[in-house]
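First chain written, first letter: the chains are A, B, C and D, and each begins at residue 1.
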Amino acid sequence: MVTSATAPAVFDLEARLDLYRVQLTLRKFEARAYDLFLENLVKGTSHLSLGQEAIAAGVAAAMRPDDWTFATYRGHAHTLARGVPMTPVMAELLGRTNGLMAGKGGSMHLTSVEHGVMGSYAIIGAHLPIACGAAWSAQYRGTDQVAVCFFGDGSVNIGAFHEALNFAAIWKLPVVFICENNLWMEYTRTSEVTAVANPAADRASAYGLESIIVDGNDAEAVYAVASAAIERARAGEGPSMIEATTYRHGGHSRADPGKYRPDSEVAEWLAKDPIPRYRAFLLEVGATEEQLVAIEEDVTAAVERAVDEAKAGDVPGEEYLMKDLWADGGSSWRN
Amino acid sequence: MAQLTYREAIARGIAQEMQRDQSVVMIGEDIGAAGGVFKGTVGLFDEFGPLRVRDTPISEQAILGAAMGAAMTGLRPIAEIMFADFFAVCWDIVANEIAKSRYMTNGQVSFPLVIRSGNGGGLRFGAQHSQSVENWAMMVPGLKVVVPSNAVDVIGLMAASVRDNDPVIFLEEKALYASKMDVPDGEIVDELGKASVLRQGADATMVALGNMVPRSMAAAEKLAEEGIDCTVVDLRSLVPLDVTTVLREVGSTGHLFTVEENPRLLGWGAELASIVAEEAFYDLDGPIVRITTPHIPLPAADALEDMAIPSVGRIVESVSKAMNA
Amino acid sequence: MVTSATAPAVFDLEARLDLYRVQLTLRKFEARAYDLFLENLVKGTSHLSLGQEAIAAGVAAAMRPDDWTFATYRGHAHTLARGVPMTPVMAELLGRTNGLMAGKGGSMHLTSVEHGVMGSYAIIGAHLPIACGAAWSAQYRGTDQVAVCFFGDGSVNIGAFHEALNFAAIWKLPVVFICENNLWMEYTRTSEVTAVANPAADRASAYGLESIIVDGNDAEAVYAVASAAIERARAGEGPSMIEATTYRHGGHSRADPGKYRPDSEVAEWLAKDPIPRYRAFLLEVGATEEQLVAIEEDVTAAVERAVDEAKAGDVPGEEYLMKDLWADGGSSWRN
Amino acid sequence: MAQLTYREAIARGIAQEMQRDQSVVMIGEDIGAAGGVFKGTVGLFDEFGPLRVRDTPISEQAILGAAMGAAMTGLRPIAEIMFADFFAVCWDIVANEIAKSRYMTNGQVSFPLVIRSGNGGGLRFGAQHSQSVENWAMMVPGLKVVVPSNAVDVIGLMAASVRDNDPVIFLEEKALYASKMDVPDGEIVDELGKASVLRQGADATMVALGNMVPRSMAAAEKLAEEGIDCTVVDLRSLVPLDVTTVLREVGSTGHLFTVEENPRLLGWGAELASIVAEEAFYDLDGPIVRITTPHIPLPAADALEDMAIPSVGRIVESVSKAMNA
């Protein structure tokens, strides 16, 4: 099944403007975070979703607040899209005590249990079986919550992917796997090291699942397939896997200018940038330029506020170092 | 009071907790109707049904990933990794995910889960089905590590592990499954991080774990005949580690011997030796001696395996040699 | 593609009698080994291939002496079928110095590099990537050797399976994967925990491979598909995966009476026992009763000789314990 | 003589061996045209071509399984596991297969292979990309473990590792990649199992590894100002372990300090402490002190990470406190 950008509109204008605002927030937040890296205020590494925002935004719109997200190291977008405020996310990147995890996790491990963001995982594949576990818990406890698990196209060749997909299928778990196919791993093209053309979709049948590909640069199309999959899961009909085609505008991580990619390919995908595209679409379906500009100004201001608030946070001291290894709040290994 | 095997104690300990708490669920290969390959879960499937005692595919990463995800969303899973050697196929979930996620998230999530596994040698299963991996787990910050040496401890420590809000690696000593002892009726709940002093002696302190505990006790009896009177400490858990008891008992004899089944390099006794050599240095009257399996994979042949794992005879000899040096 | 028992006969009578002799050797060797377990002369565990002999025999017949076998803990049959003499195998089970590995490996790790038996592996899935490595070596060195890797139906759900299949496919490695589908894992039916009906064949397409199922109780049919796959591999056309349907007559391992299986299922498969079936076929295609009886007596005598020779071996002493951890022959970790 | 970074020394060391021996081949993620994520393999793809320097999928079990199978059939592979933390996803191949197969087969097969990996913290990468796993590897019988602390050692130890007929875990310290030193021209071949005594002092012996070596040297300079004159030993490999040098150097000062980046429990220093507490007990003039990262996962924030890993300041403080006790 391939759904197109013209999937049935289930959105009214207000919802659409919201979807625009979310995508724009992800975009502007990350663009600003990138500046802060360049200023060397953000240390360590980080992986941006610039260009891929429509997926996080479309899927989040299809989720219930008590559903769960499992993300990768490339998880800023997925975290923010669930409604986590920008300040603690930015503060986490800066390693401050007002960060989501007080700086202990960093960019690759964003987690906000309060918002159903059950963690960002930096070892390829690991979170797929973990998402199955949350889905198992929902199934056992009869809560009808759904776990949504994001991963990249390069992640389909690791063992944990395979174990999780089979496991989810045989237990009919309420989990939705979303492969963000941006064509590249770090510096290697996924197609060069993958035995099938569509890394996730061409493997769905190995787990008795339907093959689903969606235009990942179209938030509404993503919303449509994600809603269907989430509702199936919620109804007890088991897991789905969705392959959403997209592209990352920048390099793999902070350190990478992304020069291994042909200019023509980058240009082609910049032309398909989901955000200007959605903006144009919004004007077509009745939004006014003023409405959009207002949102844009709002988002810019909100990002700036978040940066300021984040910067105002404290640098964590030793009391943070030795806490919360154990559930008793401490970290002692001896009596 | 009933005589129970170590093996039967596993199921009794789990049943006790499952009766008490609906959120305790089990997951693993062949643990259901089959009762587990070591028969450690016999009867649980019948008592608690297929939704609470679930068979899985041969997918250890899925088993432990599922246990982790369930633990962070309200369940208290008991997962089985059939042989402890198989931790190697799912070590990422154990060491990188379960162990670290609470700390990384600044305490947002907890992992009340138990991972049971058949540990150690003695059954002539060869190098890939005989390892003692307590040191693998001890090494990773964020894991608790429990190794019971008898049936009563199995029940009490299982209860403590299930009730604990942190991840516990619960290693069942394969060589002890058939060992028997009298077990009191009624609920048994123990505490993690408390060593047992099984024998008090004036001359030397042996610290042992799991399968090495009965051997150390037997060795202590023989050494007593030679006039060497030993204290025997059963460590019971490596994390938390009962440093207090160890330091006290070493302090009172001035001699420390560790008796370890894991291969030599970085067996748990190394950590103990380093703690004692720092914190009780001036209490020591002689070298610290570690009695371990040599640093080799375990061979399959019975004759060779018996030479490799510390035997009562080797323990006696090592202690006696050092004490008479 | 499903090949039937009536695949084109490529055997003359002599070759057929050989194939009978090999199957019978595996059968009688293991039956005798089982007696020795009962006498407690064989310690530890062991996993028999009783009922599955046609696969090991058929595949081995299709291999060149310099090709490589990678087997599982259920590897007696695969080892013997490559021409490894019975005495050292039996002595290994007994833990004697005249054992294949002087007792250091035991039943689950039979290895005879001299015969291309590159090991038996007791952790599910591990040897599939290892077989890829041997195939890579053949490819790199241009030797046109082929690696053949056996595994069970329950092994298709472990991560290493997935990584190896993809890897073999993208590098077009000369490796042939053979799934011995005996329907069961240890005490659990594979179909209960596997998302597809044919555990290997229904996943072949996830690696761009053809789906191949063969009657694993028909040595000649196995030979036919294995030859084709091996020749493809040798010709540089890449890997294949074959699913061979069969059944183990006994329990999973020494300790297991196999009582979890319905009597009717066991009876049905005993009726399809590859050895009497092949015997009947041989009579049909021109063998005489005398020829077959002669082989049977021969094999019985050879097995008894092997048992006697094995029992005559020494129990290994300490000099074996501390040797051959390192290539220098020793095991020291310190200078 | 040229100034080379530790990073550049990796590629130079590998190139030296690949020029010499056609059977040396490389395998790993992004090691080819991209030159590796740490730029440790820059130039090798151009020099040796795609058949000898091969990019792989994200399939660490396949990478190491392939290296193992190739090593047992005539090649001498150098495999890369990008971050040492990722050993957890392929630990079975390392610990159960590669490490054990020679012993299990009574010496029928050999594994002349090197597994390189980016090890340790300091780059603010957080708990899953910063671990020092030298102790994971040391613990498993059948693995050699090498951790160079400078560019010249990188080249010489790489050559020794590639030429060795046993599996070598070659850990490249991420924090040192940018460090520079003068490197002689021509072939450099070193030896495994030889520690270097980098500084000789009368008062105390510090034993360090990898990234902790320069810090220990800096600490020794400061301690000298305080009047504490330290020997600094760079262990260079954990297996084989140069016990001779350690015992000699501890014997001459009477004090042992280990400086370890791995978290406390069962860091390599524990093994060293246990060896010294047994074999050089009567040479010791005071407690053995281990300076380690606390037993926690590494936090991401720079301020926290800096507190966690032993710093020059903390080393000075610990040694000075113990020596003045």
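Quick notes
By definition in this document, a residue touches a chain if its C-beta (ideal position, glycine included) is under 8 Å from a C-beta of that chain, and two chains touch if they have at least 3 such contacts.
What you are looking at is a predicted structure, and each value in this text was computed from that prediction instead of being measured.
Across the assembly, the mean Cα position most removed from that of chain B is the one of A. More contacting C-beta pairs link the chains of A-B than the other of the two pairs A-B and A-D.
Spacing of chain C relative to chain D, judged by their CA centroids, is 40 angstrom.
The distance from the centre of chain B to the centre of chain D, with each centre set as the mean of the Cα atoms, comes to 30 Å.
Between the Cα centres of chain A and chain D there is a gap of 36 Å. Counting partner chains per residue, chain C has residues 102, 104-105, 109, 121, 123, 126, 157-160, 163, 166-167, 170, 192-194, 320, 325, 331, 333 touching two or more of them. Across the assembly, chain D contributes 56-57, 59-62, 85-86, 88-89, 92, 96, 103-104, 126-128, 141-142, 239, 265, 295-297, 299-300 as residues in contact with two or more other chains.
Within the complex, the chain C residues that touch chain B are 43-45, 95-96, 99, 102-109, 121-126, 154-155, 157-160, 185-188, 192-194, 260, 315-318, 320-322, 325, 331, 333. Every residue of chain D that touches chain B in the complex is listed here, in rising order: 85-89, 91-92, 94-96, 99-100, 103-104, 126-128, 135-136, 138-142, 239, 263, 265-266, 268-271, 273-274, 276-279, 281-282, 284, 286-290, 295-297, 299-300. For chain D in complex with chain A, the residues that touch the partner chain are 29-30, 32-34, 37, 55-62, 85-86, 88-89, 123-129, 264-265, 294-297, 299-304, 307-308.
Of all residues in chain A, only 157-163, 165-167, 169-170, 192-196, 202-203, 205-209 touch chain C in the complex they form. Interface residues of chain D facing chain C in the complex, by the touch rule stated above, are 25, 51, 54, 56-57, 59-62, 64-75, 77, 92-93, 96-97, 101-110, 112, 141-142, 164-166, 193-194, 239-244.
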